[in-house]
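Heads up, the next two complexes both have chain A, just with different partners, chain B and then chain C.
So, the complex of A and B:
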């Protein structure tokens, strides 16, 4: 495999609140390879979006990155001057957000906003940039691009605004495009169009895509590798097909079991994950998933598992792993998914 | 809790009596001078007792408006809604209020639909107090029982909504809806704001409650996979019209309307092998404005199989039987 274009090492981001310190991202490490499409999935509060914002040093106050490295071309982005970082943002690494409505300036014409992204980084003239903005709008398949470039954002539909955002992200042909829930606010038929566009652009332009999402289906369709986050930490990562076929962390496993599938022809009861995600002000000791895990053993209550290779290319942080849960605890035929149900380990009180 | 992973028998048989009947329902909203939004534009269907009828569609299709019309939370422009054989659209005042007891609604946003200054106990007790059903110790017992039924600690009744997570708040909303022993519950995007793992908890809870209390659901959501999972029949709306109603398995295995097919194909499946091999039915463009819906079949501007201009842009297709208990509104449903 080629060498990584971005290396994240032990990233830590904290939010200081009245009630204490929230470790939103707590020691996250991963590599991103050129041209690949990496999914980061997790539920609200898992730290997936804060991870993305931390890479670009865009974490809003009172949050701040307190540790780790983000290596891009031998530079640690966390150590760059503000000025150098501004050069990287939008030129080498671009980001698109969930809500294009609030990310676009309502009083500037769409085409100009895209041109502005180029004017900020290149020595192109205003006219050249505007011409290229129209090309970019065509590239993201906006019909009648010339006239749309003269429209204000409110004149565009939700799907078109997200396309315009993507065009803006692509303006300087970045090596990395980070997309934070880019389709969550869109209707499903429009979502499908945007996902197809992102997949095409990933192929055509060779930019690496980091897809932040809560939707396992989006990862399945678009990504080649996936990182699963829970309570500020990576709990599993590896090739998409492998992880969907044979997840090793009980959280990944139960997440996949809890999604109703539109193609299922039988009515099966969903296997929901009991309990709620932990309060990051007071994360549980040991493994952070143990209060909800049907397969927990005593060690899980006190000792935190580290992320280690459990299969070729597949990392998971679990003392038990699903292979053992299947072999010894009958995970495949498990009907009761309450915490500790499969392992029979129920010490302590559950905090609900 | 421990539930067998087998087909759960559906509570509603084919012979179950009709609970809700909707006839030619229309709701137009004024939108500026001389313009109307045709939010619901001539809709007829029924819901059987004990059944879950799913209602899906994209934003602006009129599904939430339809839910509110069924409950008579907003007045209809024309058309009729029956509960049993009583025409709700022709009664008002105290008579309507008494009928409304039998119908409750659960909203999407558990943050916005609970009064932050009321305790959870008061929130759940409110419908019982409003209708003068019970008070004092009996009321407290009922509230605690309702909390237990939805899987919350009965001693939480003195806490406030902000002390609960999103999923727990939705349970509170469900407890409030159950308070008056309703027969119909309209779930309006009731799980859309929740995380995936919490969604599954609430879906399972709704299924358990339905069996226990013989509830009938109108389950409104934009997520077709959840709707299909929970529903006996699925109804698809597009621009104020019902374009298909079918058994939930048939909806997936043999859709008779190109829009339903497109919706299904657009849902990304959490299965990389299947998902990569799937072909997205490319629907060009987005939903047109309900202020000036397209002529003829409202879907013709985005339809991959439309024959233009005749008949699709000129003749509005009727919602007709295309199979056993399977209705669709398409001139070319055999080509879907």
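So, the complex of A and C:
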């Protein structure tokens, strides 16, 4: 495999609040390879968006990156001057935000906003930028691009606005495109179109795409590799097919189990993951998923597992792993997924 | 080739509502009071411009008529206490009022907008210092600040503008700061930052255009306030230096004769009141027209 274009090493981002320090991203490491499409999935509050913002050093106050490295072309982005970092943003690493309704400036014409992304890096003159903005709008398949470029954002539909946002992201032909839940605010048919567009652009332009989402279906449709985050940490990562086929972390397994299936029987209840995501002000001791995990063992309550290779290219941080849960706890036929249900380990029975 | 589907796609579905500004203009035209105010103000501007090249009599010339004579065909608004033509002086007074009103607001914009933008966007020590200074200025009576400044700088049109602006910039700075504080959290500012825009570009290219509506309204209301302030200072004898007429100083000159020649007070007072009212109507109209929540 080629050498990575972006290497994230032990990234840590904290938010200082009145109640204490929230470690929103707690030691995240991963590599991104040129032209690949990497999915980062997790629940709300798992730290996936903050990870993305940390890469661009756009974490909103009171948050700040407190440790780690983000290596891009041998430069640590976290050490660059503000001006150098500004040049990287939009030129080398671009970002697409969740809500296209509010991510375009309502008082500026769409084409002009796309042109601005080029002007910010002195890539072209004003006239050239405006012309290229129209080309970009065509490229993201907006019909009647010339007249749309002269429209204000409120005159565009939600899907068109997201296409315009993508056009803005592509303006400087970045090496990396980070998409933070780009389809969440759109309805399902438009979601599919946007995903298809992103997949095509990933192929055509060879830009690496980092897709941040809580939707496993999006990952399956677009990504080649996936990182699963839980409570600020990576719990599992690996090739998409492998992880969908054979997840090793109980959290990934639960996430995949909770996707409603068209072919399921009516009387089957929709599976959700029991419990709620942990309070990051007071994260649980040991494995952070143990309060919700059906397969937990004693060790999970006290010792934190680290990310290890469980299969070729597949890493998971779990003391049990699903292979063992299947073999010893009957995970495949499990109906009761309450915490500790499969392993029979409950905190009250533990003797400290 | 032109299937119905492509025709639909190339036509905007929303009606031609174009931009915020054309929409605002449409609403402003429908507001009768604002329209009347705007027409009156156009008339005042025309009068002020006319006075540059033509007045019935030279405005400073004494003895063009018999002092204390009321309106007559020769002197439409009468003659003042030392025999100067009131209409001529009223026309030149319009220049002074407009210059003071608009000039003050330009200074206020030049000071208040950058301070508000900077304080609201960068926060930190600059915001704290500026908030302190603003509160300091609020703590001192406006008239006192203006009078002291005019005393120190000497009475001239420019100095009066500076003096009035120095009492009025805080409102603008505060308004812009508040707008910036809320706008800086909006997604499109974040998106702009993520595309590598410089802070200056974000402030003047993204924040300011979005705050322009409230700023225009505030400035429009600031104009009559400044005109009134100038009239007040002139009435106290600290306005534009004679023989330059100001509506305030004309009223002050006439007040001694109010029992025998009321027209000397009434004419400038009426001109002043109508102008203030017109500005306020236009300001109200703009506020309604530029408020996106009031879509009718």
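Here is the rule we use: the second predicted complex is superposed on the first by the 339 of 352 C-alpha atoms of A that agree within 3 Å, B and C clash if a C-alpha of one lies under 4 Å from a C-alpha of the other, contacts with A are read in each partner's own complex, and residues count from 1 in each chain.
Methods note: a contact is a pair of C-beta atoms (placed from the backbone, for glycine too) under 8 Å apart; a residue touches a chain by one contact, two chains touch by 3 or more.
Since the structure is predicted, the reported quantities are computational estimates derived from the model, not experimental observations.
For the composite obtained by superposing both complexes on chain A, the positions of chain B and chain C are free of clash and fit together.
Once the two complexes are laid over each other on the shared chain, residue contacts for A:105 go to chain C alone; chain B is not touched. Of the two partner chains placed around the shared chain by superposition, neither chain B nor chain C is touched by A:344.
In the superposition on chain A, contact is made by A:94 with chain C only, not with chain B.
A count of residues in chain A touched by chain B and by chain C gives the higher number to B.
Seen from the Cα centre of chain A, chain B and chain C lie 80° apart once the structures are superposed, a value rounded to the nearest 10.
Judged by the touch definition given at the top, the superposed model places A:43 against chain B, while chain C stays out of reach.
In the superposition on chain A, A:312 makes contact with neither chain B nor chain C. Put simply, chain B and chain C get as close as 6 Å, counting only Cα atoms, in the superposed view. Residues 157 of chain A lie in contact with chain B in one complex and with chain C in the other.
Listed in rising order, the residues of chain A touching chain B in the complex are 43-44, 157-160, 187-193, 195-196, 214-221, 240-241, 244-245, 254-256, 258-274, 276-277, 335-336, 338, 352.
Residue ranges of chain C in contact with chain A, taken from their complex: 6, 9-10, 12-14, 17-20, 186-188, 190-198, 201, 205-206, 209-210, 212. Residue ranges of chain A in contact with chain C, taken from their complex: 56, 58, 86-91, 94-95, 97-99, 102-108, 116-117, 120-121, 143-144, 147, 151-152, 154-155, 157, 165, 168-169, 171-172.
Across the complex, chain A is touched by residues 1-8, 10, 58-59, 153, 165, 167-168, 195-201, 203-204, 207, 222-226, 228-230, 249, 252-253, 262-276, 280, 282-283, 286-287 of chain B.
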